[in-house]
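What follows are several structures.
Below are two complexes that have subunit A in common, paired first with subunit B and then with subunit C.
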Partner chain A sequence: MSYLVCVLLFGLMVGSVGVASNPSPYFAAMGLVMVSGVGCGVLICFGGSFLPLVFFLIYLGGMMVVFAFSAALSAEPYPYGWGNRSVKMYVAAYVLGVGCAWKVLLGKWSGFWGGILDESGELLVLRGDMMGVAAMHDVGGWMLVLGGLGLLLTLFVVLELVRGVSRGGLRTV
Partner chain B sequence: MNPYLLIVLLTSLGLGTALTLSSTHWLLAWLGLEVGTLAILPLMAQPHHPRATEAATKYFIVQATAAATLLFAAINNAWLQGHWDIQHMSHPLFTSMITLALLLKLGLAPMHTWMPEVIQGVSLNTGLIVSTWQKIAPFILLLQIKQIHPPLLTIIGLASILIGGWGGLNQTQLRKILAYSSIAHLGWMVLILQHSTALATFALLIYIFMTSATFITLKKCKATTINMLTTTWTKAPTITLVAPLMLLSLGGLPPLSGFAPKWFILQELTQQNFIPHASIAALAALLSLYYYLRLSYSITLSLSPNNLPECLQWRVNYPISTPLSSALPAALALTLFLLPLTPSALTLII
Partner chain C sequence: MTPIQMTFSTMFLLGLMGLTFHRTHLLSALLCLESMMLSLFLATSLWALQLSTINIATVPMLLLAFSACEASSGLALLVATARTHGSDHMQNLNLLQC
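Right after this comes the complex of A and B.
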């Protein structure tokens, strides 16, 4: 288990570096897919199952598909991959940074493992994350309504900003 | 823009700030900040021009970064401390992180670079909203946090006053000058924040009056550079007469309203035995005063180097009554004459 978590966390770091090193959005989308997929795996290893499922379906199934589609639609003729010089420099810097952080923090967060999602430590029928979702809909219902209103506003804002051929902020489409 | 959409956006702009002001929960406060940011984006990109689009993009990126930092710190705080209360933040790391995020939203000194760029790219009306209404929500949140690390705000406040003064010196664009003026004023508020929240609120109030008056006046003169100000006397003679007083009020000179917040802030700092801070702030305000004086000189004390007949307007501008221009007299009166009423204004706030 510990080995699996280590591999997954390594994948998380690789994916993050892949996004953060500024390649073209077309390639960065792949890094994001890796980060989110592996992140779901890490959450499952820590005992959650519902949260990663929702995350996987909505983030990867919904948002990433749209993002990859838009990135492909506005693809550059000569995209920057991870082999380009500037991107390579960023990759080296981030890897070095992660290495230093690992060296510094090694052993300090050792009590950190496990029990994030099930803090009670008992065997329950309901998992912590499912109970959390139920509590969120029960106690925080109005907050969710407000969040929905905010998302509706975002829809209008985006529609206005990318309005059409001549009036919008986007040029190429 | 579609009028229905405009109504939706303006309502949301108000709603966002109202949500933040009425919240005691970090998540709701964050939601209000995000709604306020999103609602203003189409307004910023309104004159359909690459510069406006660029300004809107920059504003979005900066505000989203700040909001994400705030949310990250709030969630971590909830994880470690077990509550979401705004007023009971006690973890030093996350308190500092949230403070810095809010300061980025407000545009204070080390995080100020977006502010002149964004204000320069948008129209004067939108610039008015960005530099007044959009400051309220983050500032009120900043008031509510209990500061754990006192030098942080003091250093940032002093740096903002200095940079707001220095940055504006070499500018010829009015909107950039106003952005630097805004940075300097917010520096004063942040400097006094941990000694007296009432004084900080008072300073914010006076700043909003003064900045509104300035933006509306510039809109009235249709001026965006210093050179364009020199023909103000042919367009609006009354404004030509009053504008220097308004600018000197922004600079904080005695019988005008702008003097009141600076006066009380300096007094409070001196009473708390922060005499070096008070001296640095007072001296750095002179830097700002220099560019206010230069603006007054261009408006009132000099003529445009053209032939005199050429300066005259070809047709009479009948005053068109827009909501903003009808707010100008009130804003001007508050900018110029509030000093004698300061005791009652302070009583209202305290």
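Right after this comes the complex of A and C.
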């Protein structure tokens, strides 16, 4: 299991470098999809059940559909992937930086491998993260109301931004 | 620092550096912001899972809700930019006259 977690952490690194090295948005979105899938695997390896499901569904089902829709707005005739020269240079620089950081920091501060444990002392009916999300609906109701109000405010912000008459954020030119 | 903490710290810093240094499209900047939020989600969920503190499992859910707010506002700005400037290149935003 530790080897599997090592491979998944390496996949997280590779996906992050792929997003950060400034390719075209299509390829960066593919890198983000890879990071979300591999991160879902990491959370599963650490004993989660509900949080990885939410993670995967939100990032893959929600954000990627929206980003694919918006990539049509920023389309370019010749998209450049990771084989382009400047992107390759950024990939090399980021890989070098990450390697140096791991070499320097990990040997100094890491005394142990963070073990995989989800054994809370009490007797639980469900897994811990499911109990936590249930506790959010139980005792954290006002925070949920606040989050809902934030989403409602965001709806009006988006409507004002893209409305397109002279009153909104988008002026007629 | 255990390898998992090192990993999400490095992911956050990679997203931040990619957002800061060199961006051609506005959508690439938004994708870098998304990868930063993704690393924060991983960090808070692993906090809940590794330390078996079940009440902390509420934090990634609320973080996800607010990151949805952030992503939708950024995409609305992207749509507005594409409609006023014709494209979403960041260097077009420096022009005084569109």
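Note that the second predicted complex is superposed on the first by the 144 of 173 C-alpha atoms of A that agree within 3 Å, B and C clash if a C-alpha of one lies under 4 Å from a C-alpha of the other, contacts with A are read in each partner's own complex, and residues count from 1 in each chain.
Quick note on the criterion: contacts are C-beta pairs under 8 Å (C-beta built on N, C-alpha and C of every residue); 3 or more make two chains touch, one makes a residue touch a chain.
Note that the coordinates shown come from a computational prediction; the quantities given were computed from them, not determined experimentally.
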Check your understanding: Looking at the overlay on subunit A, is there a clash between subunit B and subunit C, or do the two fit?
Key -> fit
Practice item. Scan A:48 for contacts with subunit B and subunit C and give back first, second, both or neither. Key: second
Exercise for review: Considering only touches as defined above, state whether A:143 meets subunit B (first), subunit C (second), both or neither.
Suggested key: both
Point to revise | subunit B or subunit C, by number of subunit A residues touched | key: C
Check your understanding: Which of the two partners, first being subunit B and second being subunit C, lies in contact with A:39: first, second, both, or neither?
Key -> second
Check your understanding: Given the touch rule stated above, what does A:156 touch, subunit B (first), subunit C (second), both, or neither?
Key -> first
Review point. Taking the superposed arrangement, what is the smallest distance in Å from a C-alpha atom of subunit B to one of subunit C?
Key: 5
Check your understanding: Can you list the residues of subunit A that meet both subunit B and subunit C?
Key -> 143, 147, 150, 153-154, 157, 161, 169
Review point. What does subunit B use to touch subunit A in their complex?
Key: 1, 5, 8-9, 12, 19, 25, 27-28, 31, 34-35, 38-39, 41-42, 45, 48, 53, 56-57
Review point. In the complex formed with subunit C, which residues of subunit A make contact?
Key: 5-6, 9, 12-13, 16-17, 19-25, 28-29, 32, 35-36, 39, 42-43, 46-48, 50-52, 54-55, 58-59, 62-63, 66-67, 70-71, 73-74, 90, 94, 98, 101-102, 105-106, 109-110, 112-114, 117-121, 124, 128-129, 131-133, 135-136, 140, 143-144, 147, 150-151, 153-154, 157-158, 161-162, 164, 169-171, 173
**Study point:** Residues of subunit C touching subunit A in the complex
**Key:** 1-8, 10-11, 14-15, 17-18, 22-28, 30-32, 34-35, 38-39, 41-42, 45-46, 48-50, 52, 54-58, 60-62, 64-66, 68-69, 71-73, 75-80, 82-84, 87-88, 98
Check your understanding: Which subunit A residues qualify as touching subunit B in the complex?
Key -> 143, 146-147, 149-150, 153-154, 156-157, 160-161, 167, 169
